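Labels run A, B and C following the written order; every chain starts at residue 1.
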Amino acid sequence: MKKLPKTINLTLKVWRQQQSEKKGHFENIATQNIAVHMSFIEMLDSVNEQLTLEGKDPIAFDNDCREGICGTCGAVVDGRAHGPQKATTLCQLHMRQFSDGDTIVVEPFRARAFKVVKDLVVDRSSLDKIMAAGGYISANTGGAPDGNAIPIAQEIAEKAMDAAACIGCGACVAACPSASAMLFVSGKVSQLALLPQGRPEAARRALNMVKTMDTCGFGNCSNHRECENACPKELSIINIARLNREYLKASFFSDAT
Amino acid sequence: MQFDAHIPAGPLTDKWDLHRFELKLVSPANKRKFEIIVVGTGLAGASASASLAELGYYVKTFCIQDSPRRAHSIAAQGGINAAKNYTNEGDSIWRLFYDTIKGGDYRSREANVYRLAQLSNNIIDQCVAQGVPFARDYGGLLANRSFGGSQVSRTFYARGQTGQQLLLGAYSALMRQVGAGMVTLMPRREMMDLVLINGQARGIVTRNLINGELESHAADAVVLCTGGYGNVYYLSTNAESSNVGAGFRAYRQGAMFANPCFTQIHPTCIPHTGDHQSKLTLMSESLRNDGRVWVPHNSGDIRDPQDIPEEDRDYYLEQKYPSFGNLVPRDVASRAAKAQCDSGKGVGLTRCAVYLDFADAIRRDGRETIAKKYGNLFDMYELISDDSPYEKPMMIYPASHYTMGGLWVDYNLMSTIPGLFVLGEANFSDHGANRLGASALMQGLADGYFIVPYTIGGYFAGTTLSPASSDHAAFKDSTLAARERINRLKSINGKRTVDNFARELGRVMWDYCGMSRDEQGLARALTLIQELRAEFWENVLVPGLDKDYNKSLEKAGRLADSLDFAEIMIYDALNRSESCGGHFRQESQTEEGEAKRDDENFSHVSIWEFTGSDQEPKMHKEPLEFENVELSQRSYK
Amino acid sequence: MSWLIQIFSSSVGKKLLMAVTGLCFIGFLAAHLAGNLSLYAGGAAFNAYAEKLHSLGPILVVFELGLLALALIHVITGITLFVQNYKARSVPYEKDKAAGGRTLSSLTMPYTGFIILGFIVFHLINFSFVDKSDRTIFEIVRAAFVNPIYMIIYLVVMIIVALHVRHGFWSAFQTLGVNHPKYMPALMVLSVIVGLIIGLGFGLLPIYLWTIG
């Protein structure tokens, strides 16, 4: 078993910004006795309790499920979206990843399409907008045929599941040097393009989701592959290739607009 | 007060069909004249919003998170039940109905549960049509697995993320309606109050969590899909923002609360490690298929588990329940673990855990086989605890997981307030005193996709609604009350943080109203809660501004509700002096120490009515009648 | 036509333009390199190759105009992407670490692109729009590489071209939707090889000329 000190002392260099419109700055906060089996979010909780008792404004940050599935939490920690550990969200990152005396830089996800709300909280509603533009299959409640009516090859179902694992956290955007949302969009487009149920709308979906993505102010994919490396669910850029394919097919060979 | 559940007449199997025929309809042209508020976007809220909008109603959907996709339904792992009988094992709607009502320890309504079983099949079809990537076999057909409390494989799943995939399916249907302009989405809103006009639910007052503004929203009906109250225990598998607030504020406006003491404790969670801990992570129940549960024979044995020889280990589940062994139901396994820890044999940092050991399974099947089955769970465990379950036994402990109690609703899912519908975990309807695995997803979606779209039409068609706008005085009163409460919380400026109070309330509830309860403890809890509440209103410290993103203020408001609500749970637990399902009263056990039901005196739903602040709530009963199943005592020896 | 404008003004459409024009340039570089290899056979062979090329007459002009069009598309689209991507991350990170995807060549694409553009102009002035009335092209080339500064500039730019091609090659396939676990790993390796061939192929020529004096 690894021998670790039970607690460590850290300095947080954290982004503070009162509101979207106001200017932000970095603030250094010294923290003592951080238990190493705390999650990063729990560490922030304890810092906030300390700040509260000192009469200061606690650090604002989003989080919810605290088990890596809801996609609410997220910050850039020491230059990496969701921190230095692979395939984890911020709430799954534990303090044993850090050493006594470290200074940790904590910044919000940065993108023109993600406005800072306060401190580490950003507005990711543009991702919802993209979904509303076509991230669905138009199947009204009630008219569905039996679930087994259309067999789907296991490999296809598995690939669709790989693409569907996206939690919508926005780390791909945060990590992309161009703040592109292609991995996010490609997850949904891929999932639904792979399944026979999603084919009828595939062309419309690809065109409309890409169009909305562009109007939201995300950057253009430059194939840096930072997204798939930062993704807590390890979505592959194979999905982006599939989106490109779907988009080209839709553009040149379909009647959809 | 008459508690008419409006259960339709006729044979059990035909009730829902007959009822749908009898329900009055709203014509398509008239539907667009009605506006419906849906609060919450989990499985129930998202599916209801989408389905209602598809019908042509104008829907306004609220969620507390920044996006509807984040609701905590997303964290459900295992699967969703349906009576498809694809596996040819003899499953049927009737069997699913029977298993569910028995699993609930006979404390739910036959008609509701039967309808749930009927609708289970439609749910699977609907989800497949939406593109939910369920697991499939090589032939391309849907795969099933088995789950606790049933002898057939009827659970549909999408890896270990079934809840996520079902929620994203419902979310996509919702977003389609948002795109079509039929649903207006209001994220980052907390419901502060329910607004009644002429005794009907006609709107809500919300707080915008970004800028703190209080907003009034009027509608013709309100649908609450706000989940359970498991966070009363502070440490639970629930998400940070899961809270009882919306339900409790409806309760204060006259909606009655049913069976609040029915809570489910899940036996296999990663134990807590100290005061900093904010949540307990669930480890799938399937681990008990291969893991052996044990504690050291001698209390205070602090040797590393590998160094404790066989003769010094107590495999207490295998000893006590030779036929079911480590696979006893959730409530039994949870109580047994607590008993061991209470007797001082607990392990780990806080001595509040038991071992779940895979050494024998690894020796028997090989590391690879075990990794294939549980690899992702083992990784998840290692991520949190920094110990590898391949090398060292896992440590587990029970945690609050689901709440069966909720706002009382009739067969139409309408509460005691006309026009207030309650769906999913937020209502009390289908799981009785204990919920079976893979049934929560089923209920949320059945309520949202297939029940409320019909019953809300029946309500509109049979009711006269006066015109109401958000300028009505009732909205002003609610806004004023909410503003006053916020000001009061802000002005206390005491010395203890909100989390500090929340932890203490959680500890009281866990100790006295958790896995096992007795009269003395419950009475003590009542005093402790009242004292804590008094201190809260004098000594809480809420930093920051009101008109701003302020998590502390949000949490303070929710905790204030929990402090009031906890009392109702205690009253209910005190009143129900039988043991049933997740509710174990020390006074009511068999000679072997198992839960003993008292059907003669407690075969009813306990319904609590708000009578005023700081006043004991008033209890009513809805008797439960069983015409189709025979009540039996559970045994797992 | 509006549908074409719609496609090529979208992010995916713009990347498509970059991919197709980029692949054309790699094809051009391959042909150019093949021709230049005649240098190894001596001045006469190289001059003969040049003469043959120019004897194509109008075909060559069409070809050159085509290259110019490709260059315009590649450069204008590239600048648009560069500006848009710069704006999309309006506030940079205080601390920015690679997650394991980006490479030196992927990060420097716009910059290497600009340098290559400048070099092409420089290259054309030196070897294309030069007075060839009293010297053969071989003599011109040889004279140019006698200058050590020219030689160094040329070699550095060839390294830069290799970097640009190394990311551009596989990237173009990815943009065209050609990515499968079966062959993507091979394409990634091929991308390095193509970059090396172009860099070394062009880079070794002046060194060869220099060694033969």
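The working rule: contacts are C-beta pairs under 8 Å (C-beta built on N, C-alpha and C of every residue); 3 or more make two chains touch, one makes a residue touch a chain.
Predicted, not measured: the structure shown is a model, and the values here were computed from it.
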item	value
Chain closest to the middle, measuring from C-alpha centroids that were averaged per chain	A
Most distant chain from chain A, judged by the mean position of its C-alpha atoms	C
Inter-chain centre distance, chain A versus chain B - centres from mean C-alpha coordinates, in Å	27
Distance from chain C to chain B - Cα centre to Cα centre, in angstrom	61
Centroid distance [mean C-alpha coordinates] between chain C and chain A, Å	36
Chain A to chain C touching residues, read off their complex	13, 15, 26, 76, 78-81, 86, 105, 107, 110-113, 175, 177-180, 182, 210-211, 213-214, 217-230, 237-238, 240-248, 251-252, 257
Of chain B, residues touching chain A in the complex	47, 50-51, 54, 65-72, 74-75, 84, 86, 122, 124-131, 133-142, 158-159, 161, 164-165, 168, 171-173, 175-176, 178-179, 185, 187, 210, 237, 239-241, 273-274, 276-279, 281-282, 383-387, 392, 449-450, 453, 495, 497, 499-500, 541, 543-544, 548-549, 551-552
Contact footprint of chain A on chain C as seen in their complex	3, 7, 10-16, 81, 84-85, 87-103, 106-107, 109, 167, 170-171, 174-181, 184
Footprint of chain B on chain A - complex, ascending	1-2, 4, 18-19, 35, 37-39, 41-43, 45-46, 48-49, 51-53, 55-58, 60, 62-67, 69-72, 88, 92, 94, 96, 117-118, 121, 123-125, 127-128, 131-148, 151-154, 157-158, 160-161, 164-165, 167-168, 188, 191-192, 195, 197-198
